[in-house]
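Two complexes are shown next, each including subunit A; its partner changes from subunit B in the first to subunit C in the second.
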Partner chain A sequence: MRMALLVAGMVGTLPLGVPAVAAPVPRQADPLGSVMWEAVRDQYFGDAPVVFDDAVRVIAPAAAEDTRAVPLAVDATALDGVVEMLAIADLNPFPLVLRYHPGTSAPAFATRIKVQQATAVRGAARTADGVWHVSGMLVDAAGGGCSAPPVSYAQKDWADHVGEVQARLWPAGQDGIARLRMRIRHPNDTGLVDGIPAYFIETLSVRAETAGGTPELARIDSLEPVSENPVYTLDVRPPPGATALILHGRDNQGGEIRATIPMPPTGAQPAMSRMRDPRRSIGQ
Partner chain B sequence: MRTRGLRRLALPMCLAALLCCGPAGAGAETAGPLTYGLTPKQVASDTYVFEGSTKHFTRANGGNILNSGFIVTADGVIVIQTGPSRRYGEEMRAAIRRITAKPIRKVFVSNLHPDYWLGNQAYRDVPIAALPGTIAGIEEEGKGIADNMYRLVGDWMRGTEVTLPTEPVHGSTVRFGDHVLRLIPLHGHTAADLMILDETTGVLFTGGVVFCGRTPTTPHATIADWLSELDEVDRLDIRLLVPNHGHVRADKACVAQTRDWLTWLDGALRHAADSGLDMAEALELPIPERFAGLDVLREEYRRSVAHLWPAIERELLPRVE
Partner chain C sequence: MKRLVSTFALAAALAGFGATGVMAAGTGAGPTDEDLLKSAGNTESVLTYGLGPQAQRFSPLTDLDTDSVKKLVPVWSFSFGGEKQRGQESQPIVYDGTIYVTGSYSRLYAVDAHTGEKKWEYNHRLPDGIMPCCDVVNRGAAIYKDKIYFATLDARLVALNRETGKVVWNKKLADYQAGYSNTAAPLIVDGKIITGNSGGEFGIIGMVEARDAETGELIWQRPTIEGNVGTLKGKDSTMTGKLNASWPGDMNKTGGGATWLGGTYDPETKTLFFGTGNPAPWNSHLRPGDNLYTSSTLAINPDDGEIKWHYQTTPHDGWDFDGVNEFVSFDLKKDGKVIKAGGKADRNGFFYVIDRTNGKLINASPFVSKITWAKGIDVESGRPIYVDENRPGAPATGGEHDAKGTSVFSAPAFLGAKNWMPMAYNPQTELFYVPANEWGMDIWNEPITYKKGAAYLGAGFTIKPLYDDYIGALRAVDPKTGKIVWEYKNGAPLWGGVLTTAGNLVFTGTPEGYLKAFDAKTGKELWKFQTGSGVVGSPVTWKMDGEQYVAVVSGWGGAVPLWGGDVAKKVKDINQGGSLWVFKLPKA
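Now for the complex of A and B:
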């Protein structure tokens, strides 16, 4: 009963002006059997066609060891023409983790997320035809990853370090794709702890510095469930002649994040394995 | 938390059912009473071990994944680790009573992990000794550790409450009747690891410092310090090694095995991080064939990725302005 009301409520609040899309596909039952799927679907995909598709690979542990930082990789490189990706944890107080706009980059990202309880964790990729391709897995967890206070606050000088960036770019492989890894110091506070306002990074954009301008390579719209001191792994495509990458971001209190990531030194090796490298599955 | 609340509700309801309907109400119980079936195995003169499973905590094993033990001295019984639950501690104490009528003289707890001390309630009338760092760790994390055990093994935990060790101990050599025990304080597996060497029999209770045929656990580990602990074990003259997890052995083969695993684990994660892998990808790294004999291998490896990766990454990713 409560479930039905909730779904109805969410349908009632769908944003107007959702663009018309291709012929509706029949609603498929959630292979993960999550009680929140219908609500999540209505809230984040609206009337767009949704298919469950293993071409989207989701890597996460079956059990969360640290519910404040559960590793999650979503890889849609098996699909052509991916324009947007989502990560969702159904039973979080705020299910949507982030939206990834891969631009010219490979449609794959990895990060760490908070989970409030055992939940379905999903990756979704929207292809140019407007279809959302969704897959995921169940992650078992003890409670509380979203409502735990950030560890940062225990350090007196935490505020002096907010926005500091660690990052490394590996050389591109023959396909022009280069591994980028970034860690940003930020409490990424969900605001669920009494009396402490939400304080989290909302946007991150990666651009290339070139003689002809600074084209955007990828953009992330991130939300509360991304872990404290967020970490991102992206596979970007630096244009020829790029002299550096530029990370620019902003948190929900107007704080700016800005860093210049140098190109890899001469002689450096490309990353050992990328998210779409089949070798990753050895030893399973 | 929710299951605990339900359990509290359920118990009076069962009692009410029994009172109103007589024995028929007992049929509501789906299984017989939970029991660990603890049987002490004599491993040396006066020295006994309760050998546990080499798996993870499950509802099938009730958390009995440890080798607790006791030494029957002329001055009473020395108990080493109290197990994962009140029920375990009570069963253990009853099993000791079947071996000897001597009183329990003292209990030692080797570290803050759940299977070492959640049976403390069964020994409330005797001193429970632990390193100061272990007592501090249980004070800080004990409630969370107990809650998680309720989640993992369920009803086996009924009635278990956090019961702190009562006596801080330090490195020393102590005589109990005819046995001389060397208390060896170390850190690495956790921030405070107590090993106990019975100099009279040559039996070493390693606590979590050595694992034998079972993948080591790392939730509070500092790998470099842990490797130093293993060097410390190598320097000891012993006749029998009792690891908290895995098999009791007369040699030190498992010291080398633990060292091999930790060295590979740390090296593999560092290499992966330095080569551009993400933590999620590292969950799936291949594990060398030589570790195939370690129980709960992939599961424990993945837990270790969660414990160790973030610090390695923080150390290796360069700061950019």
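Now for the complex of A and C:
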């Protein structure tokens, strides 16, 4: 039944000129040798073509110092036409960390994630032709990052500060790209700690305030593995005449996150323009 | 290509069939305003808290009757899970094959009514500093269109998609750090979701609020304490009462009067009825006057939040008698006339029958054996005839600042001749079925000053049972005469709601763990089932696939184990729990 509908749907769309995927990409073996790769690929990429591609850079420590907040950066700026990005930690109870919709922004993000045990950590970028470009590295870790009680649970006043935003926007460089970093107070509970319900940020949207409206610059679908009090770094492209950036988000319990991020003060210098760290080569 | 086209045609046909099937199952738009107003006669669903907006808790179903009830058997039981096994005071909502039930610690479950399989669960993340006075209970959800709603212990109102359990919106009702919380089931009238508030032990201001059920945006607010100003559509509306008419100084700013049990609605007179709680602090010597509108029933216009009338059951309450008990609209047939009346079994021990069009008292009579604070209620004035020496004395002034005042033994106890647990009215027997308790208390006053977020009582107390052999008493009260027609005595205090049916039955639960069925005319016990923990929820009934079902939650808790004093020895061995039990009468 479902198959029939799918076939019918393809018949309907083909004449509209949407490019069909050319030749099927053969399934490649996982360069990281992760036991979960096949399952992860089926779950998050389905039948879409997947290639392992060094053009996607994943930066993370070789060994996690704090399994509740492991820094992770994914940079796909070497690819053209990236429409969606994923971060995945194969052996986490919830492997998918977040989905990033870069919109007009550079296809790169950084955040901090929980890691339950030593695992392959991956970045993936889907280009307009429908192909997922995947890269990654192994992160060694002691156990428990997803199921250990969060630090905020011990803080009596977490509820007074939940949803508070600290953010900084650096001026755009010559390429028009401006570094945005934001930290949001939120327990980001996975629901795996006994007696603590799942309570995490689900959506974040960055818009520009301009005279002509508030166009969306980037959007994140954030999930359980993002660390408590999450930090996100994006390279956005504020349109000319933007007077501020607006962050609007929501958690899974309907809690609202709202912040207005001012444009950088005059005389401020652009941030380092590249996320990638030349001192670390990412293992394939 | 030809083959593909024919496949497409088949797919379209099947898709169309699927859509028809969905519509037939009725999952489409969900209950409308009209459905909610007419929910009392709906035997296929339980759409409202109270089985109808008037909250008579009467079902017209007759499959179960005094004979067949003996064949009632359990179908399945659903565990609320976790270690959060505290008082389960919820009433299930049943719609379209799904049961929506709330649990302790602000949890909401959607369960398949046929199988008991969980569809989804919402588990509210509560701050550490919540201050519910009387256990972490919740009394039920409200359903409307595509959403299901419930209020939380941190004083928020959450709207969820009833199919997926995803949160649609989540609105702050009040500041939990000032002592506010919320445990009652919301009420939905004409697209507005109407809530009360809890926190009367913390010097809060009682409030009734209406929000747009779609968006959660506030429409009106009505404070229950005189001298406080309401709002309508974002602007100040009218002052409640007259400033300082019955409150001294600025004590009306922390006057209590919490509307913690929610309200009922009468579609005939288009009126909301909300009971208001005790004045704060408990020490009545600090607040001479009637202390309007505490310990009262307020009749409120649902359009704008204006008060139509009020009836105060305990003016100048000095015993925490509260007045929050539900006001149940019914037709009083007396002397050949039909009077639009309402019944209220007050915590102060009197059963009031009031004209619901104007708030005039018709009669008031005791429904417990011992009432020490008043000799009776004067029908002409509607006011109690006080026994002045039964008011606990003022704390000694001068010298010993912490000296407590004269202690008195008073009955009923502050936990009430009837507490939160809702009664039922059967229009066929024309009787109210009231879950009552027989207890008294030693009570004395102490000096107190208001501090935000701290208990604001100014009183000490200890509860004592009146009789050795029972505390709880389910009583059938005739509203025409005030006479008690029959009673069932229970060892532990009754703390669960009552259901009555056209099958001449009355159902209620006991802390000892039984759900019981009685003959509505005689009180004879006909059936019981041990649920494994105390039953302090409210039973419901509906018909599904040609069979009559009954559901109740089980899980001991509530105010009794926390505040019950000497009663503890009657309840200390009851095990905690948290589950939903469903029974049915199998087809012959």
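The working rule: the second predicted complex is superposed on the first by the 251 of 284 C-alpha atoms of A that agree within 3 Å, B and C clash if a C-alpha of one lies under 4 Å from a C-alpha of the other, contacts with A are read in each partner's own complex, and residues count from 1 in each chain.
Definition applied: a contact is a pair of C-beta atoms (placed from the backbone, for glycine too) under 8 Å apart; a residue touches a chain by one contact, two chains touch by 3 or more.
Predicted model, so just to flag it, every value in this text is computed and none were measured.
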Touched partner set for A:Thr233, first subunit B, second subunit C, both or neither: first
Partner chain in contact with A:Asp66 - subunit B first, subunit C second, else both or neither: first
Subunit B versus subunit C as contact partner of A:His101, first or second or both or neither: neither
Partner chain in contact with A:Glu164 - subunit B first, subunit C second, else both or neither: first
Residue contacts with subunit A in the superposition, subunit B compared against subunit C: B
Subunit A-facing residues of subunit B, complex: 1, 147-148, 151, 219, 271-272, 275-287, 298, 302-303, 305-307, 309-310, 313-314, 317-321
In the complex with subunit A, residue positions of subunit C that touch it: 4-5, 7-8, 10-12, 14-15, 82-84, 123-125, 127-129, 154, 158-159, 166-170
Subunit C-facing residues of subunit A, complex: 1, 4-5, 7-8, 11, 156, 158-159, 187, 189, 191, 194-199, 252-255
Residues of subunit A touching subunit B in the complex: 59-61, 64-66, 69, 71-73, 110, 112, 142-143, 164-168, 170, 179, 181-183, 231, 233, 259-262, 269-275, 280-284
